[in-house]
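Okay, so chain A shows up in both of these, paired with chain B first and chain C after.
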Partner chain A sequence: MKFRGKIVDIACLNHFSRVITTISKLTKMCVLRLTSDNLFFVLSEKVANGGVSMWCELSQANFFDEYQMEGVSTEDNEICLEVTPENLSRALKTVQNAKAVKLKLTKKHCPCLTIAAELPTLSSISRVVTHDVPVDVIPRRLWHEFKEPNMPDFDVSIYLPPLKTMKNVVDRMKNLSNFLVLEANLNGEMNLKIETDLVSVTTHFKDLGNPPWGEDASQDGGPSQSRDPQAMAQARVDIRKLQQFLMGQQVNPSKAMCNIVHERVVHLILLHEDMSLQYFIPAVA
Partner chain B sequence: MDCVVTGGNVKVLAKAIQSLSRIGDELYVEPQEDGLALRSVNSSRSAYACFLFAPLFFSRCEKCAQSVQAVFRSLASLEKTVEKCHIELDEQKNRLTFTLHCKHGLLKTHNLSFQDSESLQAVFDKDSYANEFRSHPRSVNISSFYFKREIQSSFSLDNLQIFVLSKAMLTELCLASDEFDHFAVKAHNSVTFCLKELRGLLVFAESTGLPISMYFDEPGSPVVLSVTDNVLEGNFVLATLSEDSNHCKNNTRSAHTAAAPPDDFMNDDMDSYIIAMDTSMAPGPSTTGPPTAPFHKSTCSKQLAAANHRPRLHSEEEEEEEETEDLDRPPNKKFCSLFFGSVLPPSSQMTTQPVSSQEVLASDSEDDSHAE
Partner chain C sequence: MPLLTQSQADDEEYVLVASLDNARNLSNILKAITFKDHAIFSATPTGLRVTVEDSKCLQANAFIQAEIFQEYTIKEDLVGFQVNLTVLLDCLNIFGGSTVPGVSTALRMCYRGYGYPLTLFLEEGGVVTVCKINTQEPEEPIDFEFCSSNVTNKVILLSESLKEAFSELDMTSEVLQITMSPSQPYFRLSTFGNSGNAHYDYPKDSDMMELFKCTKTQTNRYKMSLLKPSTKALALSCKVSVRTDSRGFLSLQYLVRNDDGQICFVEYYCCPDEEVEEE
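For the complex of A and B:
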């Protein structure tokens, strides 16, 4: 098992750090899968996570100038590590102005992801800094838990309103209720609703637009069911999970979408230039 | 005692008190012959700080005939709008009054009661220290490596290499000697002390723009960090881990030529230091000789291995102080020191109270409300 990567471009380093910071805000620990072309940050659906799952995909070529990966074996040419993204994030923050940053898998009595960089200084000699972040290697027999999730058979797919606006709304609603109902239809309308004994609050968004695949209805290739564009698909979710997702987003994505499986799951998809992030929040009764 | 502080010095006084408050909860005030001394010590007596303000610091200063020590809860938030600060000591009423003359005609008066206490003084002699270096904190910029939520960290300074071990990460920073304003190191050594107490001084020095001098000796004897000006002198005395904790000293020497690690992982001993070797560190025997990584691997990493599991089990618990390792290396710019965790008391030269033989615990989370 071998992994070495080098980032020389300051913009790439910056983006990479931001991705890691976003991930660190979504979860304390997650799995990092390294393949020859991609890096994946995966959070699998577990009771411990509250049923939330995440899949974040980066193409290594978008970030790394040099990238070498040799997996566990030739048939299973990938590496699976359990990491604490916050540690990586903090380490990366300290090397933002480096000439080059090297990332590699090392063994220092326990496996580590080592981040090493040369920092420019006023004197002639560069300052060298290394951070060793401990990681855990995930054995092959558990790899099946971290596969790419299937696109759910959603009822409605819609573009999200500006995340900042959504976050503001959700933040306020969180003070009133623990659960939020997210509903949307194929007419570009979305509502965020909370309801308690004392009060019910609804925020309406309209003219959001629906992604093209949403109109082609069923995934199984059957005859397209003409869904009433006004009909809302909804899911009631734990508001903190939605808030956590929104809090972590630092940059506006190129595309932000939401798929709703009625009363089952909310599937949020963010597409950035250099990475894609999917987040599943299960519905509660 | 009756003193007035005006202008920019008010902020300096405030910063000094803030950095003292990071050490301990109580502030010792002692008017002396040569000025006003403000001191603080932490509860485990492993860190001590003293700021001495010369009479020049004050616009006006009158001392009472007897010096009186006072202890009171730290006044941590002196406002930025303060134009003048008047400090008065009323012995009869046992009261220390801080009168803050602020902008817009606002007058804030803090009446603090105090109690007499034993004199608090750490015994140390900076000149007797074998090693000294001085640098401007900005140029060294160590503070960028201080992560806010570190629970326990150890700063082992081995002339050029600084290791910061926080709960979940080991960071190594190599500084060349020419990054320092003054660098006089007679013997290679390493000292390990707690980072948390140092932050107060760093913040003070950065805000006042004063260089920090560091004096250190053998592991076990305290390190002294000081900032000086013509109107003030600040000294921070921090206990370090003693050499007795080196139970693995001999083992590490043999681990120097340790066998390659098990199959799955590549042997990155060389690689970890390739970066250091690539940069233009002054060449010398140790940069081309056997890699210094082995200690890193066998010793620091043990701590890492332990640390690795801790974050998952309990994130908020207090950690224990690390022990330090010492390994002699050929005289050169680059050589390693190592340290890893165990429960051992730091030794201290404090005269105040006998050192109790138990763990030194740093408190759980940094209260950064004081920080700018």
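For the complex of A and C:
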């Protein structure tokens, strides 16, 4: 198992750092899968996460100037590590100004992702900063738990409203209720609703637009049963999970969408120039 | 805006409709009296009065005249209800209470009468939020029987002079003592805390003193915990009038200018702490 990568472009370094920071806001720990073309940050649906799962995909070529990965074996040419993204995020922040940053899988007292950089100083001699971020290697027999999730057979697919507006509203709603109902239809309308003994609040978003694939609700290629565009698909979720997702977003994505499987799951998809992020929030009764 | 026009179609059913182009003109002033969960709303043709009380010794009122609202329609002489003020504030600020200039939340507040919730229609940037807040039977606000004819001492100060004093008040002192007198020290705030006694004196001829009318020397103590919330009202205000009556009851009246420069009032009434005898 070998991994070595080098980032020389400061914009790439910033983006990479930002992605890691976003991930760190979504989860304390996750799995990092390294393949020859991509990096994946994965959180799989477990009771410990409250059933939330996440899939973040980066193309290594968008970030790394040099990238060498030799996986566990030739058939299983990838590396699977359990990481604490916040540790990576903090390390990357200290090397923001570096000319080049190297990432390497090493073995110190335990397996580590070592981040090393040369930092400029006032004199001609550079300062070298090294961070050894401990990681856990995930054995091959557990790899099946971290596969790319399937696109669910959703009832409605809709573009999200501006994330900042959603976040503002969800932040206030969290003061009033623990659960929120998210509903949307094929008419570009989405509602966020809370209801308690004290108060009911509904926020209505309109003219959001629906992604083209959403028109054909039946995915098996069979006769598409046209869905009543006004009919809402809804899911009741733990508001903190939605809030956590919204809190993590630091940059506006180029596309933000939401798929709803009625009363089952909310599937959020963010597409940025250089990465894609999917987040699944299960519905609660 | 379909939702807002729908609310307008139901207008015959509402006994109270009040609209603001900028919801902050209501939420900011309500923040100045939010120290308890519940508030009593009393709406009359003159305007809206919101009352919050604490342990029967303190009462805070916010007055927003009918003219402040872009629309104010009331079908009865008095419309009263009680709501959870914290919930109301969360609703009024549902879009995050942004302070971006030019961006404001529009509000339409509607009430159908006894047994119905208070309905708020809020709109910002084309997004509409509808809130229905449950109401309760309003309690009768306490009448502190504070009347001008019984006022012994009155001063009007520019708020900026008091802001500093109030922000530095020794919170380990259980009471705030107010001395008002036609002679020295004229107007004095005192605390008695763990670090010692502190006095803030305001001479009658100070620039900050807009009006000084004291007829007799009075020293009264008020529970610090009761008066502390008034600091929020002070922070919003430009002027404050401090009056005491022959019983030692305290009236603090704050002149507040809203985002559009219009004037609203906030008033605090407080009973003196029983232990001290008046001079």
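One rule holds for everything that comes next: the second predicted complex is superposed on the first by the 285 of 285 C-alpha atoms of A that agree within 3 Å, B and C clash if a C-alpha of one lies under 4 Å from a C-alpha of the other, contacts with A are read in each partner's own complex, and residues count from 1 in each chain.
The rule we apply is simple: contacts are C-beta pairs under 8 Å (C-beta built on N, C-alpha and C of every residue); 3 or more make two chains touch, one makes a residue touch a chain.
Please read these numbers as outputs of a predicted model, since none were measured by experiment.
**Q** Just to be sure I read the superposition right, which of the two partners does A:Arg172 touch: chain B = first, chain C = second, or both, or neither?
**A** A:Arg172 sits against chain C, while chain B stays out of touch.
**Q** Pick one for A:Glu118: touches chain B only (first), chain C only (second), both, or neither.
**A** Only chain B is touched by A:Glu118; chain C is not.
**Q** Going by the contact rule set out at the top, does A:Ala285 touch chain B (first), chain C (second), both, or neither?
**A** neither
**Q** Have a look at where A:Lys102 lands relative to chain B and chain C in the superposition and call it first, second, both or neither.
**A** The first partner, chain B, only.
**Q** Per the contact definition in the header, classify A:Met1: touching chain B only (first), chain C only (second), both, or neither.
**A** In the superposed model, A:Met1 contacts chain B only, not chain C.
**Q** Between chain B (first) and chain C (second), which does A:Val47 come into contact with in this model arrangement: first, second, both, or neither?
**A** Touch partners of A:Val47: none, neither chain B nor chain C.
**Q** For A:Ala11 in the superposed arrangement: first (chain B), second (chain C), both or neither?
**A** neither
**Q** Any idea whether chain B or chain C touches more of chain A?
**A** B
**Q** Let me test your reading of the model: by the given contact rule, A:Arg127 touches which partner, first (chain B), second (chain C), both or neither?
**A** A:Arg127: touches chain B, not chain C.
**Q** In the superposed arrangement, what residues of chain A touch both chain B and chain C?
**A** none
**Q** Please name which positions on chain A make contact with chain C in the complex.
**A** For chain A paired with chain C, touching residues are 161, 165, 167-169, 171-173, 175-176, 197-207.
**Q** For the complex, give me every residue of chain A touching chain B.
**A** These residues of chain A touch chain B: 1-2, 4, 29, 72, 84, 87, 90-91, 94, 102, 104-112, 114, 116-118, 121-134, 136-137.
**Q** In their complex, what parts of chain C are in touch with chain A?
**A** It is residues 3, 84, 86-87, 90-91, 93-96, 98, 117, 125-134 of chain C that touch chain A.
**Q** Name, in rising order, each residue of chain B that touches chain A in their complex.
**A** Counting only chain B, the residues touching chain A are 139, 144-145, 147, 168-176, 178-179, 261, 264-268, 271-272, 275-276, 278-282, 296-298, 300-302, 304-305, 307-308, 311-312.
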